[in-house]
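The structures come next, written out as structure tokens.
What follows is subunit A paired twice: with subunit B in the first complex and subunit C in the second.
Coming up: the complex of A and B.
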């Protein structure tokens, strides 16, 4: 494996991404809104409920409908604290997966379909690299920044969540073990899902926009997880997160295998 | 003892089909080391297909080929390590400067210190006269500048073979001139195999030529042989005055194979094909001048223009169909 060439392509792709506003703006804006702003909005939920003339009964009833495991996790906290922990630790947890999915898929769309659209992919095909080296370089170009952005988002979220909730919590409550497992185990797999699905979409897409719009549907399963958690059907326990990661890694492996079959010089050159 | 010719590219019966379309049909080619090999053909003749097949980007349907002795299908990575390639329309990363584009290309080949790689990139920018534009993003480059930068990129790895696909066809006369000058400068370092349909360029810089038509090589060899024409040695004699019976007198000579005349601007131009060059040089002019009523204004061995040869071959091969 010619790693020198692989990392030359990765560096070049990142440089191009940093110059492309259509790619860089969502990569910066979405994590800032999700992890910078949402914690502050979430801590106002208990006070907003009170301002609305209701009491905490509705929230208490909602938490009472949650799975027993989650109720046990929340038990040590007061009712106000439970609301905050429920929102910031559990309800927003599936939303966190949107970041690696989105970052990986937007960069992969640019790296695969965008580069073909700009016809700069052609020059790469003439380099002394194997199809596998090119494919791995392209995967890493999307996967590595997705991990970095998700980690940065996680740190930002940890700071913001603890800071915003401090008046109510009076202690550092975030992250718990589930979030650590999710960040280290599920986030890389989610990034893999974003990019591997985009590899397949890009093989048929006309260009960056086409690929990005079609590939954007990959966030729909995340929304299902959010609704599942709100409705009390499931909650993000450590075991659920471990299982989720395993499933995602399995899907990644299958999609990457299919993607690698479409990434052949002969096929790519014929489509340029 | 005759030394065997050292060929960089060799193909044997190389064919490539796309469904019912036969882009290459049994191409046999031999490109000698350190030559500038012009690969001619009308649009759609299969030139780009052949180049992509040689680079390992397209698998031949049948036949085989080697570059530096490496098989073009099995060892394409090893081949691309020693080749520089300029596509017909080179594209660059527009946000990057000319130097950054070169540095990116160099990273595929060099492992050495950054300063050495920079030095090589500067050397290439000098070679193609782009040193003053090295730090400009390629977005604003003209067609000629892009083409020159493409050559610099193709040459960055000290290639043993430079493959150029229509390097000058989209350029204005100044751009063309400049690309041809660069090719001539590179002649001493590398073998150059390039495709074109601009015949003047080929005649100016090439040592060897192959003409491709309908996916087949219809002629191939050193340019002086190609330009000598298929009719053998031909002399041109331009006369003033009547020359009754000259055609018959010339045809009677045992070494004259054919003689024909056409009138132009008050003169008569005779074209005499001969089988014995020495005999023709010694006595053809004397035979003509034996008729004292004529004046010879010009006598020379006919030089074919490549265009003439090309048109004759391509039309003779089915008028482009």
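Coming up: the complex of A and C.
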């Protein structure tokens, strides 16, 4: 494997991506809104409940309907603290997966479909890189920044969540073990899902926008996880997160195998 | 005799029902500038892709630099340089970044990357704009940068697809001179795909003409001219007092000349059917007392060959 060539392509793709506002704006804006703003909004929930005189019992009833494991995890906290931990630690956990999914898929769309659209792919195909090196380089171009952005988002969220909730919590409560497992085990897999699905979409897409819009649907399963938690069907325990990661890695492996079969010089150049 | 650097036998490549390259037999020799001529869609670009292992043929065999492009693609591409028809540059990057990245891709020695990039930027007069984004470049600058990128790793064989397209006459001449020097001084082989027949005439040692994927002619420009162009323009200068006599004699020599001779600026211009008529024509004039001062034949150009071939095909159809 010629790693010098692989990282030259990664470097090229990242430099190109950084120049594309259509890619950079969502990559910066979405984590800022999700992890910079949401913690502050979330801590207002219990306050608003009190100020508005609304029924606090509705929130406690909701928590009471959650799986026993989650109720046990929330038990050491006061009712007010429970709502904060419930929202910031558990309800928003699936939303975190949107970041690696989105970043990986938007960069992969630019790297695979965008490169073809800009007619810069042909020169790459005439270099000594093998199909495998080219494919791995393209995967890394999307995967590495997705993980970096997700890690930055995680750190931002940790700071914001603890800061916003401090008046109520009076302690550092975030991250717990589940979040650490999710960040180190599920996030790379989610990034893999974003890019591997985009590899397949890009093979048929006309250009970046086409690929991005079609591939964007990959975030829909995340919404299922969100609704799954709200309805009390499941919650993000350490074991669930470990299993989720395993499933995602499995899907990644299958999609990447299919993607690598379509990523052949002869096929790519015939579509230029 | 130079060794063959490209050897293709019965090379065929199809796209669906279309045969892009049809039973191509071709030999390109080391150190020559080989012109590959043909209309758009004739199969030139597909041939370059086949020779670089980017596409696989459906039939036939080939060797390029002694390697099989299908199984030795990466090793072959490390020794060849391809200038594609569209410059294929990253507009969002600077010229320097474009070259630095491709220097890594082509495995230019790490300690030489910076100096090699600077040297090529200087050679193509892009140093002053090296750190500007390529999006701001004119067509000519982009073409020069693409050429610079092709030469980064000092390839043994260059595949140039319309290298002077979009260049102004001065820049085009510089590129032509560069191609000639690469071949003559550095011994590099150049496979030149072009529509520019004047350029091909000037640069190419041998040419091949491709039509609908099939090779219709191959040889030196002179050989092709003699083989395919059945006419030759002659200019005859005689003693001024013999001009009318010569005009009368030639007007009656319909077996040797095509059409009628014309008087132009104190000499005669006529078209003959081939160079083999020249001795007979000269004998005819001299035997009848015409003093011939000068006889000049305008060799047919590659352009004449090209259109003669095209005309023949049209007649066949």
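Rule of thumb we're sticking to: the second predicted complex is superposed on the first by the 271 of 272 C-alpha atoms of A that agree within 3 Å, B and C clash if a C-alpha of one lies under 4 Å from a C-alpha of the other, contacts with A are read in each partner's own complex, and residues count from 1 in each chain.
Here, contacts are C-beta pairs under 8 Å (C-beta built on N, C-alpha and C of every residue); 3 or more make two chains touch, one makes a residue touch a chain.
Please read these numbers as outputs of a predicted model, since none were measured by experiment.
Novice: With both structures lined up on subunit A, is it a clash or a fit for subunit B and subunit C?
Specialist: clash
Novice: Contacts for A:126 in the overlay, against subunit B (first) and subunit C (second): which applies, first, second, both or neither?
Specialist: both
Novice: Mind working out whether A:4 is in touch with subunit B, subunit C, both or neither, as first, second, both or neither?
Specialist: Both partners.
Novice: Of the two partners subunit B and subunit C, which one touches more residues belonging to subunit A?
Specialist: C
Novice: Look at A:16 in the shared chain and tell me whether it touches subunit B only, subunit C only, both, or neither; answer first, second, both or neither.
Specialist: both
Novice: On the A-aligned overlay, A:118 touches which partner chain: subunit B = first, subunit C = second, or both, or neither?
Specialist: Both: A:118 reaches subunit B and subunit C.
Novice: Let me test your reading of the model: by the given contact rule, A:266 touches which partner, first (subunit B), second (subunit C), both or neither?
Specialist: Touch status of A:266: both partners.
Novice: Considering only the contact definition stated at the top, list the common interface residues of subunit A for subunit B and subunit C.
Specialist: The overlap between the subunit B and subunit C interfaces on subunit A comprises residues 2, 4-5, 8, 12, 15-16, 19, 118-120, 122-123, 125-130, 265-266, 269-270.
Novice: Provide the residue numbers of subunit A that touch subunit C in the complex, in ascending order.
Specialist: These residues of subunit A touch subunit C: 2, 4-5, 7-9, 11-12, 15-16, 19-20, 118-130, 265-266, 269-270.
Novice: Taking the complex as given, what residues does subunit C use to touch subunit A?
Specialist: Per the touch definition, subunit C meets subunit A at residues 15, 49, 52-56, 73-75, 77-78, 80, 82, 84, 86, 88-93, 97, 101-102, 104-107, 133, 146, 149.
Novice: Enumerate the contact residues on subunit A facing subunit B in the complex.
Specialist: Residues of subunit A touching subunit B: 2, 4-5, 8, 12, 15-16, 19, 118-120, 122-123, 125-130, 265-266, 269-270.
Novice: Quick check: in the complex, which residue numbers of subunit B touch subunit A?
Specialist: 52, 55-59, 77-78, 80-81, 85, 87, 89-96, 104-105, 107-109, 111, 153
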